[in-house]
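Here the chain labels run A, B, C and D in written order, and each chain numbers its own residues starting at 1.
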Amino acid sequence: MTAVAHSTTMGLDNRKLGMWVFLASEFLFFGAFMSAYLLYIDTTNRGPGIEIFDIPFTSVSSFVLLMSSLTMVLAHNSHLRGDMRRMRLWVLATAGQGMVFLGGQVYEFTVFFREGLDLTQSPFASSFYFLAGFHGAHVAIGVLLLLGLYSLSLTGKIKPGQDVKTEIIGLYWHFVDIIWVILFTVVYLIPELRV
Amino acid sequence: MSTSGTQAADAVEHEAHGGHHPTPTEYVRIALILAVLTALEVSTYYFDFGRAGIPLLIILMVIKFIMVAGSFMHLRYDTKLFGRFMYTGLGFAIVLYTATLLIFVVDANQ
Amino acid sequence: MNLGSDSQADARHSRQPAPRPGRRPGRRPGRRPGRIALLLGVALVLAACSGEQNALDPAGPYAQRPHDLILYVFGIGALVFVLVQGLILYTSFRYRRREGDDSMPEQVHGNTKLEIVWTLIPAIILAAIAVPTVQMIFEQMDEPEVDFLTVEVIGHRWWFEYYYPDYDIYTANEMAIPVGMPVRLEMTATDLARSPDLGVIHSFWIPRLAGKQDLVPGHTTYLNLQADIPGRFIGQCAEYCGLSHANMRARVEAMDMADFETWVAAQRTPATVPADGTLEARGRELFGDLGARQACASCHQVWEGNGLRGPGQGPDLTHLMSRIEFAGAIHDMTPENLRAWLKDPNSMKPMQYEVNGIGMPNLNLDDDELDALTAYLLSLR
Amino acid sequence: MATMTAAETGQSRLRPSKPTGFLSWVATTDHKRIGILYFWTVLVFFFIGGVESSLMRAQLAQAELSLITPEIYNQMFTMHGITMVFLVVMPFAAAFFNYLLPLMIGARDVAFPRLNAFSYWFYLFGGIFLYSSFFLGGAPNGSWVGYAPLSSDAVSNMAFYAVGLQILGVSSLASAVNFIVTILNMRAPGMTFMRMPMMVWMALTTSFLLLFAVPIIAVALFMLQFDAVFDAQFFQPASGGDPILYQHLFWLFGHPEVYIMILPAMGIVSEVMPTFSRKPLFGYAAMAFAGAAIGFIGFGVWAHHMFTSAIGPVPRAAFAVATMFIAVPTGIKIFNWVFTMWGGRIRFTTAMLFSVGFVSMFTIGGLSGVVHSIVPHNAQQHDTYFVVAHFHYVLFGGALFGLISGVYYWYPKVTGRLMSEKLGKFHFWTWLLGFNLTFGPMHMSGLLGQPRRTSVLPGELGTTVETYNLLSSLGVIVLAVSASVFLYNLLRSMKHGEASGDDPWDARTIEWMTATPPKVHNFDVIPVITARDEFWHRKYAESDQHIPVAVPVGASVDHDEHDGDVGHIHMPDPSLWPAIHTLGVMPLGYGLVYANWLLIGIGLVWMVAGVFGWIIEPLAEGDDDEPALVGAATH
């Protein structure tokens, strides 16, 4: 430890502040994909359109992702209390739900692809795959982070006092979740009402 | 000197909201409410809400958003600065992209 | 507009001798306010009034109005320029440190009153130019209120095509319009269905007649222009469109109404079929059939009165000789140039036929074929 | 140059610890060394960009020349634009921010030193990636805006552009996050927002602009690249895609980008002018908020780049008005600079000359900017050399003048030596002359009808236009001479320059308080800040008439509790992982350009492995956080 410890100017952890700053910019990222999707929602080029969505299926995987936020926050809570065993359990549960969501997305994409919704089919297809796909990529990164967190805590590299690490991964995870809260409504449910 | 200040920072932080962390039970309660809201959302697919459908979905979406951000992301308990970042980003995105899409709509009607 | 085009017996179109560049147009009376203020701007501008593609030398209302507005803005700008630069220079000289002067200046941190002044004054000036600007935006873009001529403009890599829907005329590079009548251009870029040209963005710009407007594939954009004097007005594509962007020129030939009617009538006539046995007839044959090589007719149309007159992949050649230039209007329509073009198009205008199928292929014509085809093209009057 | 004390890093086995040599630069996490790396890389790219523009000007020196083919010409202007914007002006500012921000706010380093190195490597590899295209079938030739659908045509080679810019964007985003956190969270005690040097304010504003603008271009580039390589349909009119969407996304980023490039220069000028006028910055608060206002309004004017595109009269009018009003905060800044000089004792060093040149030239660029907002006439100026003149007055006469001013000003801070004033003044006057000779005539040739991005100057434009073009081309020669003198001065002064001492300019801000060149830990004692222009106030008291009076040396120095023994100050360890991790972007990038899944896979695995190595890398002194717990927690 250094002899000249002075607390940060705002009394906040740098990494947590950094994560929030980064998340602020992510809204602009997803927003752009979403505007493309909304612009092209009817531009199907004689290919499949929004009627292709399987709402019950997507609802289930959305629900799984939503609940993964609960396990994530429980993992952080356990870490905060120093209960590393529980923390690992919840982290694994979260990663598992993330993988279930991803598996659902892969399945969904495969089905759509078989039904003719090719990336190259139409602007609608391109923008749908990009919007959902980049969200999926975020989930995948989140799963990797969680697995890393799990293995590092297993080897003792992450210790009870270091809950900031769990916290910032949690922030990222919840962010990916709330993006899906928006996407599920805007991409799937609202258009479905118009059919 | 990136690292030397963090201990103190964490100390400050834990002090600032240490006592206000919700308990696991509270988290579960919040998750249950979220589940109910999601069920309500999905029900629009099965039942016809008429004109109320879209506004209802948007309201539910906003509520879910605020609940996850406020409780799970601790915005309710943390420093206001974090919330400001998030809502600035969100606000920017909404304003800019709405304006962009509006330009398309306005032009299409001409 | 109603033109008795069929009465025209002679299909040969005698070209209008184009008024040469640099001619000062008659200034239209009763124009915008604000001209007075702008001595400096005007002086600057007048010094520059030469050349044909000159935005400062408007020849019609759609170029004149923005021109008058900009003079007013240039005037204000010049004033601000002199003021600010003068202030910078004065301050620099007045307050430079003299040799041996080690005294310290008073530590002034600011002055709220001054801040308010230099916030408000620019805001007021800007408001003053915002109002006429906004008015004029709508004025320039709205459909003309009087009778107007419609021309469809289609941008290709790298040439402009014009279609006159009222007369069913196709032409390229050079657009004929009547003097004193507004013309509304309906513009788009070509699409994949019609040509291997992907359909990219171009911009149509005849500076002396109007500002530029992009041609966007998938969109229809509009541009109003009008020439108040007869003449040949030049311009070029102003939105980067790839390899030969620099070689994509646009021409507007403004002519009196009577001449325009003559022109229309000539364009509506079918092409003359050359008599059997002539060199031209041989050329016509080759035009339609080059054996294993791609025939001219697969991309270019010469309308001989039967069937539909429609757009081809390349420019319509029915009345090729009624134009002064060809190949994106970069080469004069001389027999030598035409022959050289047929021999090796790419050397006269870089194109991407080899990689993209855009532009004219090298057909490997031998000398006899070149002679015949050139003769045939020269007969398309 | 800064040297590294390795004393405290020796015990880590896996981290490179040699203080000098090639590896020490690759592994550095010292913000000062990273700043220096940025600087020299920028100079290399600046040279390349300059060669590209010289070729273009040679081709346009006379009408109908054919010195270079259109193929080459189109690559030249595309790469010139990309290079100057993304590889020169932006990273030039990053060089300054890196070197100076921690020094200016009284910190030992940035918030995330390894992320800082990561930004640099991403920048370097992005630049190399872009330029490798020259050897792989030709550089991109679809212009720096890359409008679809032209740019999704394979012949335009714009896949390299899309991926290369994406890489540079990651670099920018990472440094934006880093700088924001640094400025918000790492200031010295007492350094409140309203005591920060103006440069720090501008860095903060710039970083926020990047933060919100980069993700937008990222999306546009993803779409473009998938259109070009994987046949996606975002901007393809044949299937109903809309090219205008690309333009919106590009300019939603592109306009803030303009301010991203100019605000750092404004920050530099706001430091240089007070120092050499011996007066505080006039209207500090107004300056800070005007900068923020420029950034904020800058997000609301993007469509003014599309006034001749397929948008209707209503948006044209709205964006015209918004655009005009950006001139208000800009005007505030200009007047405040002038009144900073007003009443001062101005020492015209080279740095000051460049700053005054900045204000003067930028004013011209600002005025021609207002002219663009006159939409009906914008249709005449748009995409002509008038626009080229305008943005060069803003970016060359503006940004570059400011940045070069900063080089002369802070050179002694970095090297401990002064640059030659004699050569410097020669540089300034030839630079000013060459600049105006090159870009001044372009105003006229544009209004006389010369469009930009044309590989040949059409003879039909007339002899007047030809003359203006010849003048422009001659100006480039003057600029080339001037730039050579600058380079010579830079290199020569490193060894032979006059020793500067710690405070050669009688400066005002705290980066001049510490040793020159600064030690690796910047400050032996973190200063406690009690005033804006802290250093000045430590040197001078003020009389009743607000005239500064020198105070005795040493009367106001932070007490050094270590008595000069600073060996134990823990600095971030060097690390090779940022460079290793970042290198994975090369296979990934080529994989995306050539649709080669194997390369994409290699790149992804490489980068993930790199992150992992980064995370588990041992630290010399315990872990990042809660070090006190290291001993206690063993489970």
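Criterion: a contact is a pair of C-beta atoms (placed from the backbone, for glycine too) under 8 Å apart; a residue touches a chain by one contact, two chains touch by 3 or more.
Since the structure is predicted, the reported quantities are computational estimates derived from the model, not experimental observations.
Ranking every chain by how far its Cα centroid lies from the centroid of chain D, the top place goes to C. Chain centroids computed from C-alpha atoms place D closest to the centre of all protein C-alpha atoms shown. Computed centre separation for the pair chain A/chain C is 51 angstrom, with centres defined by C-alpha atoms. Centre-to-centre, using mean CA coordinates, chain C is 38 Å away from chain D.
If you average the CA atoms of chain B and of chain D, the two centres end up 34 Å from each other. If each chain is reduced to the centroid of its CA atoms, chain A and chain B end up 13 Å from each other. Along chain C, no residue makes contact with two or more other chains. Shared interface positions of chain D, i.e. residues touching 2 or more other chains, are given as 111-112, 184, 186, 212, 216, 240-242, 244-245, 252, 310, 312-313, 569-570, 624-628.
Those residues of chain A in touch with two or more other chains are numbered 1-2, 4, 6, 8, 10, 12-14, 17, 21, 24-26, 28, 32, 39, 164. Chain contact topology: the protein chains form a pattern that is neither a line, a ring, a star nor a complete graph. Residue ranges on chain B touching chain A, taken from their complex, read 1-2, 4-10, 12-13, 16, 21, 23-24, 27-28, 30-31, 34-35, 38, 41-42, 44-45, 53-54, 57-58, 60-61, 64-65, 68-69, 71-73, 79, 81-82, 85-86, 88-90, 92-94, 96-97, 100-101, 104.
On chain A, the positions that touch chain B within their shared complex are 1-2, 4-8, 10-14, 16-17, 20-21, 23-28, 30-32, 34-35, 38-39, 55-56, 59, 62-63, 66-67, 69-70, 72-74, 77, 80, 164, 170-171, 174-175, 177-178, 181-182, 184-186, 189-190, 192-193.
Listing the residues of chain A that touch chain D in their complex gives 1-4, 6, 8-10, 12-15, 17-18, 21-22, 24-26, 28-29, 32-33, 36, 39-40, 43-45, 84, 119-123, 125-127, 130, 134, 144, 148, 152, 156-157, 159-162, 164-165. Every residue of chain C that touches chain D in the complex is listed here, in rising order: 21, 48, 50-56, 63, 65-67, 69-70, 73-74, 77, 80-81, 84-85, 87-88, 91-92, 95-97, 101, 103-111, 114-115, 118-119, 122-123, 126, 129-130, 133-134, 136-138, 140-142, 189, 191-193, 198-201, 203, 205, 207, 210-214, 216-219, 221, 234-247, 249, 330, 350, 352, 355-356.
Considering their complex, residues 107-113, 184, 186, 212, 216, 242, 244-245, 248, 252, 299-300, 303, 310-315, 521, 569-572, 619, 624-628 of chain D touch chain B.
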